[in-house]
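Residue numbering begins at 1 within each chain, and the chains themselves are lettered A, B, C and D in the order written.
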Amino acid sequence: MTRKMILVDTSKCTGCKACTVACKEWNELPAEKTQLVTSYQTQKDFSPKTWTYVTFIEKYKDQTMNFLMRKAQCFHCGDPACLKACSSKAIRQTESGFVVIDHKKCIGCGYCTENCPFGVPKVDQTLQKSFKCTGCIDRVENNLKPACVQTCQTGALMFGDYSDLLGQAKNRLSEVQKTHPQAQLYGEKEMGGTTYVYLLMDRPEVYGLPVNPTIPLSLTLWKDVVRPVGGIAVGGAAAAVVIGVFANIVKGSYRSKDD
Amino acid sequence: MSPSFGRGAMTNSWSDLQNAEVFLIAGSNCAENHPIAMKWINRAKEKGAKMIVVDPRFTRTASKADLFAQIRPGTDIAYLGAIINYIIENQLYDRNYVLNYTNALLKVAKDYKFEDGVFSGYDAKSRKYAVTSWGYQLGSDNKPLKADSLEDPDSVFSKLKTHYSRYTFETAEKITGIPAVKIKQIADTFCEGKPGTILYALGMTQHTTGTQGIRAYAVIQLLLGNIGKAGGGINALRGEPNVQGSTDMANLFNNLPGYLPHPINTDQSIRDYQVRNGSVQEKPLVALLKAWFGEHARKDNDFAFSYLPKINPSVNASMVKLFEMMDKGQFKLAFNFGSNSLVSIPNRQLVRSALTKLDMLVVSDLFEVETAQFWREPGVKPADINTEVIMFPAAFVYEKDGTLTNSSRWIQWKNAALKPLGEAKPDLEILDSLFKRIRKLYDGSTDAKDAPILNARWDYGEEASALKVLQELNGYDETNGKLTQSLADYLKASVGTVSTGCWIYAGVTGNGNLAARRKNSDSTGLGLYKDWSFAWPGNIRILYNRASCDEKGQPVDDKRKLIWWDAANNVWSGNDGPDVVDKTKGPDTPEGKQSFRMNPEGAGRLFAANYMSGLPVVPSADGLPAIGVRPAGLCVDGPMPEFYEPTESPTDNLLHPKVSKSPVALILSSSPEIQKMGKANDFPHVLTTYGVVEHFCAGGITRNIPWLNELMPEPFAELSKNLAQKIGIKEGDMVEVSSARGKVTVRALVTDRLQTYKVNGKETETIGMPWSWGFASLSPGPSTNELTIAALDPGAGTPEYKVCLVNVRRA
Amino acid sequence: MGINTQTKKKESQSPKILRFTKGERISHWVHALAFFLLLFTGLGILNPSFQPIMNVFGGIQIARLIHRGAAIVFVVIVGLMFVVGNPSHHWEWLKSVFKFTKSDWQHVRAFPKEFFGGHGDYPPQDKYNGGEKINSLITIFGSFFITLSGVVMWMAPWFPAGLVRWAYPVHDLSMFMMVAASLGHIYLGVLHPDSRAALPGMFSGYVSAKFARAHHALWYERVQNQQQKL
Amino acid sequence: MDVSRRGFLKLSGLSIAALASGLGFDPTIAEAKGFVLKLEGSKKIPSICHFCSGGCGMLLYVKEGKLIHLEGDPDHPTNEGALCPKAASLLSVAYSPNRVTKPRRRAPGSDHWEEISWEDALNRVAQKTKEVREATWKANDEIINAKTGQRDLLSVNRAEGIAFLGSAEVDNEESYLISKFCRIIGTPYNEHQARI
């Protein structure tokens, strides 16, 4: 299975939220109680039952309105923080580039929730499992498009092999930049190159996205420094204890001494 | 559309949008209410097309526009008139298109005039126009005289020129609130892009000058030569899955299926009918009567014409007026199959009180919509309402066979995918069993009035089969009982030998159920898809495509070839079915020149004249009134669009202050306590109502779908930041929006997508509210139609949902 | 309130000195038991290979609950001991542990030899020698940080994500440090030939005078002098 | 279908559990074996969307008579497999608990529905139709003849008391029968919300 990519071209997205419905329909996720958040957005954040939603940002500057819409879902990072943080090795990256949670192994510890720079995975308290967009891996592996891409009418979501779709994204970007100079790609370099690559109409921070996000330093320190060092420390102590005991045996310190 | 081109339907199709170079999307929020349009608009934009959006709000559609202008609701004709004026003054029109394919050169009758806001022939008492003065100067052959140049003062073109000379960009700015420089930019952008298409929907039609607004579009498109071309035309984005079909089938008090005018009381014979409607209607009427009464409709009994009820022409029973009549107690029994009037009719109090006057209401629907349970709406005492209500569970779209006709006039067949849920039944079966029971009740009756029921041809099988009904629509050759093969066969057959329930559908099941065709290849690359389902009439995908050719019958735009005259084989051929009178008549013949064959003049009508073609020169021997061939579609409120203020307007008409509002607008004044009018100083702001992408129309279905309620849980009022500041509220607060007729409390959406604008120098605010909510369903909410005004377009009867005056304060 | 160190004389054994009061011993063992319970229930999440062991507790989810229960014990009970009853010794321990004298450093330098059965020379030590002070400090700071980070992790939604992210390494680091320290501590207390004599101190509270004189000379002197004064 | 939380895992046994259960998603094995697609063994039946006038094609996946998934029809030239939010949610109408599944009647003055059989309901309506048709039948209109000045009687054959609100949401065949039904029983008062 070649590496896949999904281009989210916000220059075409009209915020119709069909992707949200298609995702809920395919994954059989029940609806949740919502209320108008801002503009036409009614879903504030991810939840164990909401794996993708559309954010609306109204930026009005010198008489022109930029009505920015962005479909939020798991980026399926090239270098996923959730995978690194997961306590139970339940998260895995498929060849096609999707980061998927194995609910048989997941214990709902929430490490992924806290360490994802985009705050995507969420733990369902009743099921004690962490949930997020699966990239419709069951569809993709059977040569179907993810449900959200399939239903997108405006052509804002495109699915294809990473190699050629990235090229298309760049051409499209140069086209869009003619009218929107700050338009830029997001996801090509971030987090080791994500599977969902965005063509944004403005700088990432306007969308509330972290600027060149990386795996949190705390996570790297935790997994690559504290854990090994800690292991050595405990191992060392244990070894010291063993050696100490032998040393004393050799020295005969244990022979009963009438003191 | 029919007064301009002869047919009341969208001229092109969804997939044709990809061929356009420029879009004027005004009166439509297609990204929300016709999302599929965006797929094709985006494809056109990728090829460099420009997108202009004019809307009272910066909608999700506007977010993708190259050029956006915020307009005061109800003032479209002001800026469209300015564009027409701009096109004429700067000769931006397509000269030989205007000369050959429009009635520009025809001479207008001498006694036609337009003075300070009123056309000639106006009767103030009856608030109606007599249309006789809007005719042409006729020659001895009863044909309109032709001027020799556009400059001739009597020509339609000059009338157009003088009429719109008053519409300058500056005047338009004062009326609409759009800066003059931007209107000019819109005009330039739209005129440069060839072909350009206009997309409109209820945003344009739901005004007391709705029809005239569309007429303005027709004038612009005819001047620019965009009609009949791939990527051109006027795309009326119809609202509902089968709205094209339901108007084809004439669920309208003044029509019979196939857009046949309904017989009126003075039509005591088919001949009388033809005197009024032209001989061209004889064949379809007789075919209809054959389809309904079979062998009981014979030549000797005037094809059972007497069986048809005749309407009283002075009674306007269009949808909203119907409720006015119901409120006066005329109706004892009402059927309500699939609509939700208690939420969708403006000024809901009228509907609520009207329904209580019924003895019995019969509803067929999927869910218990508001109309079905009007007797237990909050605040109503059921004990006082004596209407018996019967509710039938209806089957859903994929639980029944049948066809739906979409905006592109594609009649698409679908098989039932599931069994109906529980004891639900398709409406087809309900109607079939109802009629059979009624007929049984009348068994043996000899009363003449029962003859239509007993002699009706109504046999669609034990369990009503949708295919049999579709075949009846396709029509039969009555001489041998075989299905009519094609529209051409129908047109060739002599009167009385062919039957069809709806003549424009002839050929749909000619050889096999063409509506079920699924070949989706399109070698032309123009998105015609000629082998997918069946487009009426006769599978023509782009109407009036004769106009895409020059006088020699060759396509003007070689990148978008539709049809052409094949001199070798002496026949019109091409990528699309030719919309010509006769395929064998070349461009040099009179028939071959007609680009708008459904119009009596055979040409596009810039000036919607009152004219009947083919009136005989010599009066008929038997002294009976003469019968012409084809009457022209008329607008009851004027041959040319004129700007009038909406019924409830914050200001007076700048062009003709004495006649500020449309003099012929239909205002329901019958029940004063229900139909109150708001004054600008009590209700300073303008309300416009619309749908949202997450819900559909009255929300009867979508508000019972949890996923959609999650996406849009409640109605809201959008208002500008200035207004929000003035009344001291912020985003998310609840506000009370009130009009002279009612008030609702909803959440406020404070946004920059609505800006304060100046009208005649005065600061004005627009408030926007979606209307898809009612007291029933999983996600009830206040109905916006508590506020709207029941003022109707005089021609179509469309209520003025888009404009009324309101006030707003913190709740 | 003076130090009630009586020297319990038992005719048959050598003289004993009270080292740890009942309060101190309770604190120690509650702390120790809670710590190990926390350690074992936490193993499941430390590494997936430990997760099967969690069935001892009835599965990983129950283990997580026990972890939280034990955490409360670990913090609240031990915390209370610093307040309830006569917590003077606790505070005294705290004060002394934070005072590092030169002799403590010398003990620490000599500690490795001691650890492996040899005899490092170090000056007479007070009640708590340098090594024990180090161990106490690790435990104090370890417990402090592991509690803080534990609370942050437990109530993650209430804290900014940045803070919660740092809580994980802090929690783990504290755990590793304390585990390493406790291994040494157990070895010294139970297996090390010389220092295991201190063990009864944590059970009955009394250590042999001989041990006290050898390992905690200064403290022994002080106790003896107070004896005479009585 | 409005799947409750409990049902979430069970019902989604085909998709999520297929991801999670032994059946499907032990990543390494699954990779080799490929994922279980819940559409396996279902029939694909095309249909047309019931909302705006786009006429988009829908594809219904039906397994043993039960609708398990609905998405856009990739072969349909207008929407090429895409659907808007409303159409994409149409699966939930198939088995919605709020659907009316039995005929019901509200007696005059009553504040609740009562169940009624199809037979009884249809007969009541047919009876009422005949009754109102007879009661409100108008054979002739009286008009003043402009030329002769006398009053003319014009045969009109109208059942004045019956109104029929059709809709643009029902199929062509049903719209047509509504039109035909009305004119044959004599009422021209057949309207609906669409205009021309």
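We take it that a residue touches a chain if its C-beta (ideal position, glycine included) is under 8 Å from a C-beta of that chain, and two chains touch if they have at least 3 such contacts.
None of the values given here were measured: they were computed from a predicted structure.
Asker: Identify the chains adjacent to both chain B and chain C in the sense defined at the top.
Answerer: Common neighbours, chain B/chain C: A.
Asker: Look at all chain centres (mean of CA atoms) and spot the one farthest from the centre of chain C.
Answerer: Measuring from the centre of chain C, the most distant chain centre belongs to B.
Asker: Of all the chains shown, whose C-alpha centre falls nearest the centre of every protein C-alpha atom combined?
Answerer: Central chain is D.
Asker: Roughly how far is chain C from chain D, centre to centre by C-alpha average, rounded to an integer in Å?
Answerer: One centre to the other, that is 75 Å.
Asker: Quick one: report the Å distance separating chain A from chain B, using the average Cα coordinate of each chain.
Answerer: It comes to 48 Å between the two C-alpha centres.
Asker: Starting from the mean Cα coordinates of chain B and chain D, work out the distance between those two points in Å.
Answerer: So the centroids are 22 Å from each other.
Asker: Could you grab the centroid distance between chain A and chain C? Build each centroid from C-alpha atoms only and quote it in angstrom.
Answerer: That pair's centroid distance is 42 Å.
Asker: Give me the residue numbers in chain C that touch at least two other chains, ranges are fine.
Answerer: Residue numbers touching two or more other chains: none in chain C.
Asker: Out of chain B, which residues touch more than one other chain, so two or more?
Answerer: 35-36, 39, 693-694, 706-708, 711
Asker: Two or more other chains touching the same residue: where does that happen in chain D?
Answerer: 2, 79, 82, 84-85, 89, 92 - these are the residues of chain D that touch more than one other chain.
Asker: Can you give me every chain pair that touches, using the contact definition above?
Answerer: Pairwise, the chains that meet the contact rule are A-B, A-C, A-D, B-D.
Asker: Spell out the residues on chain B that touch chain A in their complex, using ranges where they run on.
Answerer: Per the touch definition, chain B meets chain A at residues 31-32, 35-36, 38-39, 42-43, 46, 58, 60-64, 66, 68, 692-694, 706-714, 716, 731-732, 747, 749, 751-753.
Asker: Which part of chain A faces chain B closely enough to touch in the complex?
Answerer: Listed in rising order, the residues are 11-12, 14-18, 20-21, 24-25, 30-36, 38-40, 42-43, 58, 60, 65, 67, 69, 153-155, 175, 179.
Asker: List the residues on chain A that touch chain C in their complex, please.
Answerer: Where chain A meets chain C, its residues are 85, 87-89, 105, 107-111, 113-115, 119, 128, 216, 218-219, 221-222, 225-227, 229-231, 233-234, 236-238, 240-241, 243-245, 247-248, 250-251, 253-254, 259.
Asker: Name, in rising order, each residue of chain C that touches chain A in their complex.
Answerer: Touching chain A from chain C are residues 44-46, 48, 51, 60-61, 64, 115-118, 156, 161, 164-166, 168-169, 172-173, 175-177, 179-181, 183-184, 186-187, 191-194, 210.
Asker: In the complex of these two chains, what residues of chain A are touching chain D?
Answerer: 16-18, 20-22, 25-31, 49, 92, 94-95, 100, 102-104, 124, 126-127, 134, 137-139, 141-142, 144, 147, 150-153
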